[in-house]
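See below for the structure under consideration.
Should a chain be cited, it is by its letter among A, B and C, assigned in written order, with residues numbered from 1 in that chain.
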């Protein structure tokens, strides 16, 4: 069988000195993981818009109360039910409080509660989930039973009871209540990821090298579990904001004169007929906050998901 | 005389003719020319092996024949003829009449290619009843018959089982049964044995040979495994980066291959009993489809690359019924202009040579 | 299958006990006790002490827990769940009285949801990338994100005030008792409010499931067999896509009992949800215990139902 010998250059020397490396243009341009994440995120116009809107709201919710001090709770009887003016674009309510300032303060409260409680949820959830997922066996079993018990009661029900009993109107109690009921979801998520990657080669390799458990968990496994956790947290912020608003609406959360989107809505109910706009601005702002957090979560999910199918 | 429309010896006449098929994918990063000017012919009852590395366009060629290309892909131009019928001119309903009835296709992964919530028997019967108006009982009977034909023991019981209850080899047999239940003229098999282990592979190939005999069916066998080609194929088409680089009957391709790529593939097959220090490889990597080199697509990996290779080589006959896309003469020598020629002379010579072909 | 169910029920028992302990502890830890409202300056300490003895509040905690939990499951006895601290009614009767109302409300909302969400989800998936799909997606996200009480208020505003077509509260008009048409009329607004959110969530779920299914290999095989597009989608893809949706049905079971706390409250609907709010506000512990336990048990049952349903429809699952 005659075959060309492809390893020796032609006698004519055409290939004398020809390099054997791969030509650069053959390689697809390399982008780092984070660059790809950013690219994918930027494609989500809604998510980007949400990020911007959220940023603006955050700025306003910090700036306005900082600049106006405790104006939000001061009731000036001269302005009872007054209409919109330059310093009060949304007018005043029935006890003379500047609604726009109150709205911003309420937003601030919502955002604080949202972010802090999610922080708690994320921390406890990662801790429990990673231990359960990594250790397996009876530790996993025990922790998951505990999670099951907490998950068996509807969140709102539990939170309601906790807040009602331990501190109606106390922001700290609300945050803690949301935190200690919500961590279960995060724990399940992290645990699932850990179970999945526990048998991955790179984890085995680390173990074989004698790397300690804590380091393996923190440095090698946790980053992989971060993606779904981050998405869950974004959506969790939305949930926390809704929960706080619902509690305040029902009278168990932040109470007057401290403003909350929820109690402003409750208050507005009496004015259905007289001043219907009062049910709109807190409601719309709340919807806006929640929507932005949700779209942000969606965008993050699509951006961080490594299983993106690119049809080429 | 023969031009680009390759002609093997086809004693029984042509069943499927593909002429200058171009299927492009419009992606966000650019246009990927997955199939770029492919032409070949499958004779009645002949088995054609379509060989090439992953990503060379062989699967897309098959899917183009079936007209199963989806967004962002599109069949740009070309002609696909089944007997006298121009497949690209049919409307969707007519094409459905061809799919599964005159041309059947089986795929690589039998586990995911069968619907997990329907029984095997149901899925086979469905293939029959879609094309022929026969009753359920008759369809069932034919199903069981087919299952027996493909070598599944206890066919009657197995027909009521679900895909997950069968082993990989059996599932592929079910796929084959489903494909052949309508007695198609052409079977397209896309890597049918790649996902199976070696012993099962042999069984499936035997089965296909047997059925091929019995039904006098043509087969388009797509694979990257030259061993399978050697077993099954009458004719061979070698593809690289969306183009056909060599085609001939199987014997010629194995014994007297011309194109450096084909020869590289053959050289890289490890051989039992031969002592070597290192395996032969074709150096380099397949070109980035978004950034194809000018001229011959293989030049960067070719030991024979010359200046003239910066011009696209003609696809011409190097022997009777044997075509190759290369500047080398049929004897394997550099063309008359010489290997040393500078780019301009080479380009001029290229233009001249192309016109001759 | 029956062994599986048995096994799950046995596994559920410790969780039920866990829930009962959790609720018991939370309530016990709360500052104050049921006798709080009697502690006015005019009431003598001895009376309070007698009350405490009467309610059994001075017994050791484990004993209190034990007597409570054993009584709980004896549902045939009227006093099994204690008596309301607010109204003195047997808690069992209070709950049983409201249960049908909540079930009616939630059940109707559930059916409406399924009727709308599945077709919407399918259409959005089949026509992916089209304008229709984008519109549906955006609406679904918005509908899902709007908190239920805001939705409730706005639905109430538009339906009841602006349009004035529907009543704003209650389950039936005064004087009419049990008339189906009247009840239906009252249900429209709350059901709409609940359904909008539900449909948004389910439609997204169905759409995602459909999209995933549509890209599976067996769909390609079905097309290669020569099946028409509608058959490929309607038979091969749909059957697989609806599998996870079936589990949602099971998970909807607990809400039939728990009701929608906020929506019922907004519409003053006489169900378990509003009962929950009222009793929490009034520190009516026996009711809180009972509702909590009931809901917890149904959540567990709902999970079990979801798994059983999934096992029934997916031939790959073998219990």
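One rule holds for everything that comes next: a residue touches a chain if its C-beta (ideal position, glycine included) is under 8 Å from a C-beta of that chain, and two chains touch if they have at least 3 such contacts.
All values reported here derive from a predicted model rather than from experimental measurement.
*Asks:* Which chain is most remote from chain B in terms of Cα centres?
*Replies:* Between chain B and every other chain, the largest centroid distance is to C.
*Asks:* Chain with the smallest distance from its CA centroid to the overall CA centroid?
*Replies:* A
*Asks:* Based only on mean CA positions, could you tell me how far chain A sits from chain B in angstrom?
*Replies:* Chain centres of chain A and chain B, defined by C-alpha means, are spaced 49 Å apart.
*Asks:* Taking each chain's centre as the mean position of its Cα atoms, how many Å separate chain A from chain C?
*Replies:* 25
*Asks:* Starting from the mean Cα coordinates of chain B and chain C, work out the distance between those two points in Å.
*Replies:* Centre separation, chain B to chain C: 56 Å.
*Asks:* Spell out the residues on chain A that touch chain C in their complex, using ranges where they run on.
*Replies:* 46, 145-146, 148-154, 156-158, 160-162, 164-166, 238, 242, 245-246, 249-252, 262, 265, 269, 272-273, 276, 279, 283, 286-287, 290-291, 294-295, 298, 309
*Asks:* Help me check something: in the complex, which residues belonging to chain C touch chain A?
*Replies:* 14-15, 18-19, 22-23, 26-27, 29-31, 138, 141-142, 144-150, 153-154, 157, 161, 215, 254, 258, 261-262, 265, 276-277, 280-281, 283, 288, 291-292, 295-296, 299-300
*Asks:* Which part of chain B faces chain C closely enough to touch in the complex?
*Replies:* 66, 68, 93, 96-101, 104-105, 107, 109, 112-118, 126-127, 130-131, 162, 164, 175, 178
*Asks:* Where on chain C does chain B make contact in their complex?
*Replies:* 216-218, 220-228, 236, 239-240, 243, 313-316
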